[in-house]
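Same chain, two partners: chain A is paired with chain B first, then with chain C.
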Partner chain A sequence: MIQEINTEEYEGMGQTGPMMVEFYSKKCGPCKMLAFVLKDIDKLKPDFKIFTIDFDENQALKERLGVTGFPTMLLMKDGTEANRLKGLQQKPAIIKAIEEIM
Partner chain B sequence: MNTYDVVIVGAGPAGLTAAIYAIRANMSVLVLDRLAPGGQMINTNEIENYTGTGKINGAELSMKMFEHTQELGVEFDYKTIVKIEDNGPIKILHSEEDDIPITTRTVIIATGTTPRTLGISGEEAYTGTGISWCAICDGAQYRDKNVVVIGGGNSAVEESIFLAGITKSLTIVTMFDLTADPKACDQLRAMPNVSVYPYQEILEFTGGDRLDGVRFKSTKEDAVERHIRCDGVFEYIGLQPNTDIFSHLDILDEMGFIAVDDEKKTTIDGIYSAGDVTSKKLRQIVTACSDGAISANAAAKYVDSLKAC
Partner chain C sequence: MSNKVTYTSQDHLITSQNKAEKAFLAEFEKKEYTLEDPLVVENPYLINPLCALVMFKTDSAVTATITVKGKRFAREDLNHTFQAATTHILPILGLYAEFANTVVISLADGSKKEITIQTAAIPADVCKCTSISTSADYLQDNFMFLTPAGKNQPTAYDYKGDIRWFLTENTMFDIKRAANGNILTGSSRFCRMPYNATGLVELNMLGKINKEYRLPGNYHHDQFEMEDGNLLILTQDFHRDTCEDMCVLVDRNTGEILKSWDYKTFLPQDVAGSGSQDAHDWFHNNAVWYDKPTHSITLSGRHQDAIVNINYDTGKLNWIVGDPEGWPQEMVDKYFFTPVGDLENFDWQYEQHAALITPEGDVMCFDNGQYRAKKKENYIPNQENFSRGVRYRIDTEKMEIEQIWQYGKERGQEFFSAYICNVEYYADGHYMVHSGGIGMENGYASDKLGAFLKPNDPAAEIRSVTVEEKDGIVRYEMETEGNFYRAEKLTIYHDGDNATFEPGQLIGKLDVTPEFDTLPDVEAVDEQPDTWHNIIIEEDEDRFVFHGKFEPGTMVMLCLEGEKQSHQYFVNTSAVFHLAMCSGAFLEEDDRDVKMNISKEGLKGKLAIKLIINDKKYDTGIAVFCP
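== the complex of A and B ==
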């Protein structure tokens, strides 16, 4: 499941279990290609929650989470960051990181 | 085991165009890429010199090319090829991801290039935190800050124009002079927050926990040494071919690029190469596409000759 959220929705949602929070920018090429890869991963793992957040429109949240560039994928488990992948990554590497927190 | 007529390694403009021409020549086609379609194009903010598209974002052009292959039914998969075995009329490809070999009659290598690094003091320590190779990805954090760009070619100048629009100051330090398209160089030099230091040797990146500057020295007689304070550095000093895994095939030139003839054929029957990874003078999207078309056409003729035997 891939869902676009903003800061308010991030703060308000329950963060139990494994999930990915991906910061992207509309003007970033690698982010667009990562979205393409994440859609493929979503077909393989439809139950895994992937939340995407616009880097430019959620400045305070990205600063609080220490996100300095995009794309950045935060692999979270029960609200705690377990791993962080920066930049466009290989599909198998992303799947491996997801499986490590499941 | 299914044997493809052609496996294309790399899904940049060369590989995707080869795929279009190959499938339209009735070949069975598989395109492999370690990341996602697009190659170096995805890191380009605005492409202005690809015929017929006007100004277009690199990722958008990548998706258009990829969608074109999908409309024609080209098979695509994510694989990092680590070895190609040449068994005469059959080639066997091995990937990093699994132990399942891929067999094919021909291979088109379109693996492109990756940015070169300087290999100087401080570079490794600040990679990812203060030194980057992608202005589009990491430029936003330097809004109203001081940035140095290293290099003077097309990529350096194009990315500098983008960065100068958001940074407080932009300093370009280059080994020679600016060598990009004259129009782009003029545009960059006219920006009020841009300084250019040509003919410099980069000595080291300085700082403590974080990068705080770049030290460089003039290569002219005065040999003046300077230390420019900055918050971030972007390097654009050329490209190196992604050919390490093909060195055993003896198809590389002295610079590590793949040597090809007019039909994009290597010294091995059935192995072709296209795009930036080949020995050539002009590495552009349009020339990569041209290479892709030529290589697929030649591969199709070769496959026909194999099947006729």
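== the complex of A and C ==
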């Protein structure tokens, strides 16, 4: 499942279990490509939650989470960051990181 | 479909040179050329406009001496005598530009022929000498060869600062004379940003490339010829997330990689970073040197402010010269040196280049001094900084280090080079210090690397200063326009074969260009990309280079589609900030211009080139053929 959320929605949602939070920018080519990669991953792992957040429109949240660039993927488990992938990554690297928190 | 895509196909320079050589040798066989009526071929290998070949036959084997007459007086004449032969194919080197050069060919039997070779003016992108102070007595028949750090050209200057050799190909990085008299330097062929070339080239002074040694991880910065002729070459593995952290030993004849050293096996990557370090370019290896007495390799790592020595066979760390601050204590205790002697004048080197081991076992380098501290709060601004050549004596038993010579600190910011440069050791007390990366803005040392300064900006000065000191006296100082990576003093003729006529060879191999495994599901259109993108596809024998202009943030993918196979490559259009730019040869004026090298390694057949730009897949109308 891929869902775009904002800061408010992030704060309000339950963060139990594994999930990914991806910070992207509309001005970023690698982010656009990563969107297709995540779409493919979503087909392979439909039960895994992927949330996307606009880097430019959620300043306070990205600062609080220490996200300094885009794309950045935070792999979270029960509300705690377990791993972080920076930059455009290929499917095997992302799937490996997801499986590590499943 | 209108033609909105530019496509060029060209031979590798080696192929072009082989064809040119075959043509002039065939011409030479067409009639009996004699001393009186020789065949003169100007710029025979297409890339050195200041040379020629003079060809003729004699009835009996005689030695021939050529004299390239000096511009002013006989003291400036260049002379070289060739071995006795009946077929004479004589390289004429070191011609003056835009000048009617007089060349005299004298045979041992007393006969003589004088010819005139008129040369063209120096192109605008060749950097001129702006001042020189030396003498013909000191420089003898040597020229100072400078290798470019940007879009300038490899160029050699005589004792008056006159340009006597340059290549129209932008070969780059180190230049060293091999044991056979040829020179070894970086290829001009772009492979990966910021400055990775396809490989190393061995060429003679005529500009003929005898071999290009291609490497899967490309070539950068430096190489070293071993006693058996094999080559240590600096490279990397592009299939991992770091760069400039590997060295390979390459077979001189076949180009095969015989041995490799991976610095991650003996150095931590996340300690003691210099001011220019990032996680990707954590070491930034810019020099390699083999020392026979200790059977060890010395490596300079700009981004750890460290000169590292390893055992050749085992790859195990022997010692590290550098400021120990920031390194793990157990490494400091085991591998670092304690300064002794005149501590008041002792300085560690920072972001250094061109480390070497002298015959006495001392360590020399060009200490750029960029930041001149390990902690950010202690960084020295470039305007208050200095660069220098330095020689350290090390005692590997006591682990003590003494600074026994330096040149440059006293000159302050006017001699400061934040990047590139080298030193040379000629004898005890006789050195060269090449500060080739000087960049000033408004009269002060710039905070930008010279490669990023605009040559046409009236506030900017970009220059290169090369100094030779003998027994404490400066015997040579030359200043040129532009930045130059290294300087090397060489005679233009040597005692070996100054010209050979076997076909040049392209050996070794490039890697398979990494592909991207996700293909975006976008609409395919029967159109070419808009002219604004200025798509250029340059096909070569072993690769092609894709050029295009894209606004940052555009999603771009290059797709190769064939009947039996397809390949896809992500093209990054993000603006990239480079902390190192040792050669700006491949830098584009407009940072929206991107280029990507695709190796033909691993590709087969006819492949149509398609281009995804955001939500559409365009057909460039171009296909490449991969044998």
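Just a few scattered comments:
Here is the rule we go by: the second predicted complex is superposed on the first by the 102 of 102 C-alpha atoms of A that agree within 3 Å, B and C clash if a C-alpha of one lies under 4 Å from a C-alpha of the other, contacts with A are read in each partner's own complex, and residues count from 1 in each chain.
The rule is short, and it goes like this: a residue touches a chain if its C-beta (ideal position, glycine included) is under 8 Å from a C-beta of that chain, and two chains touch if they have at least 3 such contacts.
None of these values were measured; they are calculated from a predicted model.
With chain A as the common reference, chain B cannot sit beside chain C without a clash.
Of the two partner chains placed around the shared chain by superposition, neither chain B nor chain C is touched by A:L61. Of the two partner chains, both chain B and chain C are touched by A:V37.
In the superposed pair of complexes, A:I53 makes contact with neither chain B nor chain C.
Of the two partner chains placed around the shared chain by superposition, chain B and chain C are both touched by A:G29. Contacts of A:L75 after superposition: neither chain B nor chain C is touched.
Of the two partner chains placed by the overlay, neither chain B nor chain C lies in contact with A:V21.
Of the two partners, chain B and chain C, it is B that touches more residues of chain A. Annotation: chain C segment clashing with chain B after superposition, chosen from 273-281, 291-299 or 327-335, is 273-281. In the superposition on chain A, the residues of chain A touched by chain B in one structure and by chain C in the other are 25, 27-30, 32-33, 36-37, 40, 88, 90-92. Contact residues of chain B toward chain A in the complex are 34-38, 41-45, 57-60, 62-63, 78, 80, 97, 128, 132, 134, 136-138, 140-141. The touching residues of chain A, when paired with chain C in their complex, are 25-30, 32-33, 36-37, 40, 88, 90-92. Touching chain B in their complex are the following residues of chain A: 25, 27-34, 36-37, 40, 55-56, 68-71, 86-92. Across the complex, chain A is touched by residues 516-521, 550, 552-557, 570-574, 614 of chain C.
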